[in-house]
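Pasting the structures here.
Below, subunit A partners subunit B and then partners subunit C, in two separate complexes.
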Partner chain A sequence: MDLWQIFSFSWLPPLPTLITQLLNGVARAMLLFLISSGLTLILGVLGVVNFAHGSLYMLGAYACYTIMIYLGQDVYSFWLALILAPIVVAIVGALIELFLLRRVYEAEGIMQLLLTYALVLFFSDFVRLVWGPQYRDVNRPEVLGGAVFFGKVIFPSYNLFILILGPVTALILWMILYKTKFGKTARAIAFDREMASALGVNVPFLYTTIFMIGCGLAGLGGALAAPMGSITPTMDISIIVESFVVVVIGGMGSFWGAFLGALIVGVAHAFGILILPRIAMVSIFVVMAVVLILRPWGLLGNPLGPLTK
Partner chain B sequence: MKKQGYVKAFICLSILGFFLIGAFAPAEAQTKKETPAKKGPIRIGVIDGYSGMAAVYCDDKLKGCRLYVDEVNAKGGILGRKIELIVRDDELKPDMGVKHLIDLYLEKKVDFCIGGVSSSVLLANSEWCKRNKKLWVAWDARTDKATGALGHRYLVRTLSDTDMYGNAGAQFWAKQKYTKYYTISADYEFGHATVDGFMKYLKRLKPDVQVVGQQWPKLGEIDYTAYITPILQAEPEVLFVGLWGGDAMTLIKQAKPYGLFQKIPQVYIHGSGLSLLAPTGMMMPEGVYMSTNYFFSFLDTPENKAFVQGYKDKYGTVPADYSYLGYVGIKTLLEGIKRAKTTDQEKVIDALEGITVDTPGGPLTTRKYDHQGEMGFYVAITKKSPQFSGFLILEKLDYIPGSRCMMPVEEVKALREKAQEKK
Partner chain C sequence: MENTSQKRAKMTGSRSNWTWVIVGIAVLAVLPFLLSTFYLHLASTILIMALFAMSFNLILGYTGITSFGHAAFFGVGAYTFALLSTKTSWPLVLNISLAPVTGALAAFIVGYFCIRLHGILFAMLTLAFSQIFYTIAFQWYGFTGGDNGIVGLPSPAVFASDKAFYYFTAVIFGAGVAILWRLIHSPFGYALWTIRENSLRSAFIGVEVNRHRLIAFTITGAFAGMAGVLFTMLDHQVFPNYLHWSLSTEVLIMALLGGMLTFTGPALGAMMVTLLRYWISSYTLYWMIFLSFILLIIVLFLQKGIMGTIMERMKPPELRT
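Here is the complex of A and B:
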């Protein structure tokens, strides 16, 4: 009777499986968090519902693919892609903000939705035009290509990498938002835009910067996701719904809410598959529905409205 | 402020102007075309999913189709008339499919329509064609309902449906010694139909088979790692994979670090051939079972060799299974027109009933009763080849001809009658 057997119940899957599944769920959660944090940031500070967030994630993945293919898929090209792809997507984000979004801030909210949705359609065709409809593939760098073993638990190294990168990025972002003047100003704008502007804050500049950071995060998520699976022109659709679920559960505009929401979605999904496969897909929506009924502003959101917290 | 207003107005009006010209120009060109020669080209509308998940497969089909049309046109066409293709994108949406059908048949007045990949689009198109008495030739889209319970005169389907290839796959696996099966397939109509078709026949042929688990990831899932753990834990002997395209590729890539292919020696990807092998490349492990309607190296006939060579010359690669489907679909339709000696819908449908067409994959018959093509099925295993450095090839294990895996006519009749009663 080994250690593993002592801790397992007969009706639950064995402990190694539970641990593996938990790790799977948390790794997925970290990737979701990276993307959703950008979404919630844009929502909190700019008040814009960025439907195009999934498209930016997709652009990040394709950018990573192009960079890695050009430089011959070794370790160095991977790290370079991881740095360059988010920058490229951030620049695209800057262009969108400067030339398109700016014109609709004064208009009704519906205009912003239409604009970001139009961008979704645009990027979908753009990606197809440039890279073609075939699914693309890049390899994980060799050092992250295998798996790690803790006893009977197997966990792919790449997923472990994402698992570590997630909290690290969260920490960096948190420091920027709460420990720098820039972050304080951004939160001030989220709280009260008119007042901040009256106090001399350069709101347009900060809007652009925050939007760029949000897009950069989506691009980073895409670049990380590229070596994980296949890169397809329909990647945007697969991620956007889950990102919104995370943001809604966590609280719109709430940074730690995105972290918590992502954890809930990732782990619920993973255990749903293990224990009740037929309804696994629905499980995250059930959680979202419950949260919306009990706390419509999200778990860590502000009842008075979106606030970067 | 005033100047800005004028500039904006000018821009808006000119854009509007371009749209109006664009909308009216074809109409003008059309009226000019209709008056001269009555015998223009034979015009065939091709409606398929060129955007969306199945785009690669549809591109392959169109390539195969164009190859045949060019061959025919080089020899003077059919009935002395050249073939002209008008290609439309249904975006995998039933309303778009029907919209294009209406436009092509009623506005553009094409002679016939062919195409399809999505089963839901097929059913919508089929319904329209039945009511409007126009023919739809389905060269893809596998729901067995289309020629089964909901089949009718105005639909011809050249490739095997989910029931047929479930039957064919089951015939192969029933002969093997394995009894513990696990299935993973996408949670939508086709994903379920493909598993149900296979399991129905497998259980019939080999009653001691147990399904130890099933997973239903969403179509387009990006992360299969959470699905791999329960599969490994159940320790099945055979993993039945109903996923296709990018989904299958993602699963393979993510399963490798877990050592899935070593732990479960029998992984069976049902219903995919070169169209999956080519993009997956060297990432595909050896020893994976697959099944497909066609593979370029399986037949040594002169017809197949000519097809493979012709495709290579035109496109620079060997034909995929979907290239074959496109080629065979259009060939069947054009042969029907040739034999009927007219483009009259009713006469061509009569000619198509029971027609046998020579194809690179062997003779293909379209069954008279339900208009279902008797396309066969190969079960094969992946293998590296010194000739091809970019992807793995298949080694043939078994071939089940269409006639041996089709639902008997009496069963189809019964299904249709039951469907009629419900109405």
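Here is the complex of A and C:
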């Protein structure tokens, strides 16, 4: 390509394609946000990085698949699966918290990290054992099967649905955390666990609940992602890597940071696909490298660390 | 007044340590005469993994940095050697010795971006970066051969026999262990130890924490690259799997299982994991589930690792923690 072409931007795809790609990126960002917000929530309150979050997301997708198979080709089956899958994952989360995580809160930080990492290994083979190594597909619900046209811009209506659902979930979560008594107690624990406990807060109960909510969000993300692409036994690592990048860019422990980070990563990935189709992930890392040099604590993070206010 | 050699003897260990070293060398030397070709291959694999795990422990146990992406540097070393020996006609010695260099370079680049982040964030980022390396090796068909890897590497005449290659591996392993031992018992090593114990305090006494961490991370990258090149030479092939996060996990588990607060523990862990892997994968494809159980047992019941627990038992009761 010569210089003229570069300046006229004729090497770029036409504008409607770019807008469609932008919207797809934002839709993907909403999924990433669901997962990263759960990660951030658990980190903020429990002080544990849940490495297994991607695995729970994958479990949510597989649960959605199995529930839909079980319910058969019904109009409501997807919507029912969308409600049930997160519940299943949340219950798995509760079991993890009650029987495993609870035993290592007092140990060195690395032990909690390793425990959730062991779960990554476990689920990675568990889904292969139960659902086999082949790819699985879930059909989009009929209502959202088509596409919406805005002039020349074509946009899948399912992505539009996610585009709306993401911010709604974010708002609900924010309301719960900042406007309810439950949220206040959770933030009190995040601030000072011992003091909250001394003031009569049932800390173990809240830990389990918060962990369940976080896992449920991952499960919801997985169930929502199920009709968008294939369900594979390797989706856990790709999503956890991306949501780590989201958390690093947005700032660890910051709720709106997760939202902003997800938007940046989603859009960067969408445009990365246009430029370097095979290694689109590199585009995300370029963004992250820049953030790491300029603001190592993340765009909306706290320079002193995630747990200081 | 002590002379230099006495000082050095004091620094690098007591006489009983030397006994163990001599026993170790003797065992490694006679092994090829006792083992069949198959088991000699396994022994070489164990030595390579032991070198990988012991060097990895320089950051895990001695500096307190957790990395979930060390396979990246192992793989970079492996690919460096494989690409050089297929695409150039450079001498073997150069091809081998460039692998640790590229391994260190890759570790330096990753470390440069991540090192100012601590603990959990650092661990997350190493996993993320290693995934990038893996993706490149997996997708770049024109250069790395993609998921087909590079197979059938020419076998240099020097290493025509399995015994010759085993001895080469053993010598590199011995040299690597000696370097690590000196490193850990040098002022630099003690500085790393203070960072592990309390990075804030060690910054107060004038240790440049991030610089030390970056140097340690880069050194382990070089060792990982060396282990990678040995592993490639052993099997005459390289695959993107050499950079996969599951290998990063294995090396981590080796160090933890053996005991990350001991010098030799990771080697024991490497031996156990490698043998277990060989034994279990002849029965089932689901090796990861077993790894997860090992890791869970370590985390819940055996936090000091096997060697660490043994050392703890040998101490007088009043010194136990």
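Keep in mind that, in the parts below, the second predicted complex is superposed on the first by the 283 of 309 C-alpha atoms of A that agree within 3 Å, B and C clash if a C-alpha of one lies under 4 Å from a C-alpha of the other, contacts with A are read in each partner's own complex, and residues count from 1 in each chain.
Rule of thumb we're sticking to: contacts are C-beta pairs under 8 Å (C-beta built on N, C-alpha and C of every residue); 3 or more make two chains touch, one makes a residue touch a chain.
In this text, all values refer to a predicted model and were calculated from it rather than measured experimentally.
Taken together in the superposed arrangement on subunit A, subunit B and subunit C clash. Contacts of A:197 after superposition: neither subunit B nor subunit C is touched.
When the two complexes are overlaid on their common chain A, residue A:269 makes contact with subunit B while staying clear of subunit C.
By the touch criterion stated above, A:230 is placed in contact with subunit B alone, subunit C being left untouched. By the document's definition of touching, both partners, subunit B and subunit C, reach A:128.
Within the superposed three-chain model, A:248 lies in touch with subunit C and out of touch with subunit B [touch as defined at top].
In the superposition on chain A, contact of A:281 is made with both subunit B and subunit C. In the superposition on chain A, A:28 makes contact with subunit B only, not with subunit C.
Two complexes overlaid on chain A leave one subunit C stretch from 135-143, 189-197, 207-215 or 243-251 clashing with subunit B, and it is 135-143. When the two complexes are laid over each other on chain A, subunit A has residues 124-125, 128, 237-238, 278, 281 in contact with both subunit B and subunit C.
Residue ranges of subunit B in contact with subunit A, taken from their complex: 50-53, 55-56, 59, 187, 213-218, 220-227, 229-230, 233, 245-246, 249-250, 253-254, 257-259, 279-281, 283. By the touch criterion given at the top, residues 13-14, 17, 20-21, 24-25, 27-28, 31, 124-125, 128, 133-137, 139, 145-147, 154, 156-159, 225, 228-230, 232-235, 237-239, 269-270, 273-274, 277-278, 280-281 of subunit A touch subunit B in their complex. Considering their complex, residues 49, 100, 103-104, 107-111, 113-115, 117-122, 124-126, 128-129, 237-238, 240-241, 244-245, 247-248, 252, 278-279, 281-282, 285, 288-289, 292-293, 296 of subunit A touch subunit C.
Those residues of subunit C that touch subunit A in the complex are listed here as 66, 68, 113-114, 116-117, 119-121, 123-125, 127-129, 131-132, 135-136, 139-140, 245, 249, 252, 256, 285-289, 291-293, 295-296, 298-300, 303.
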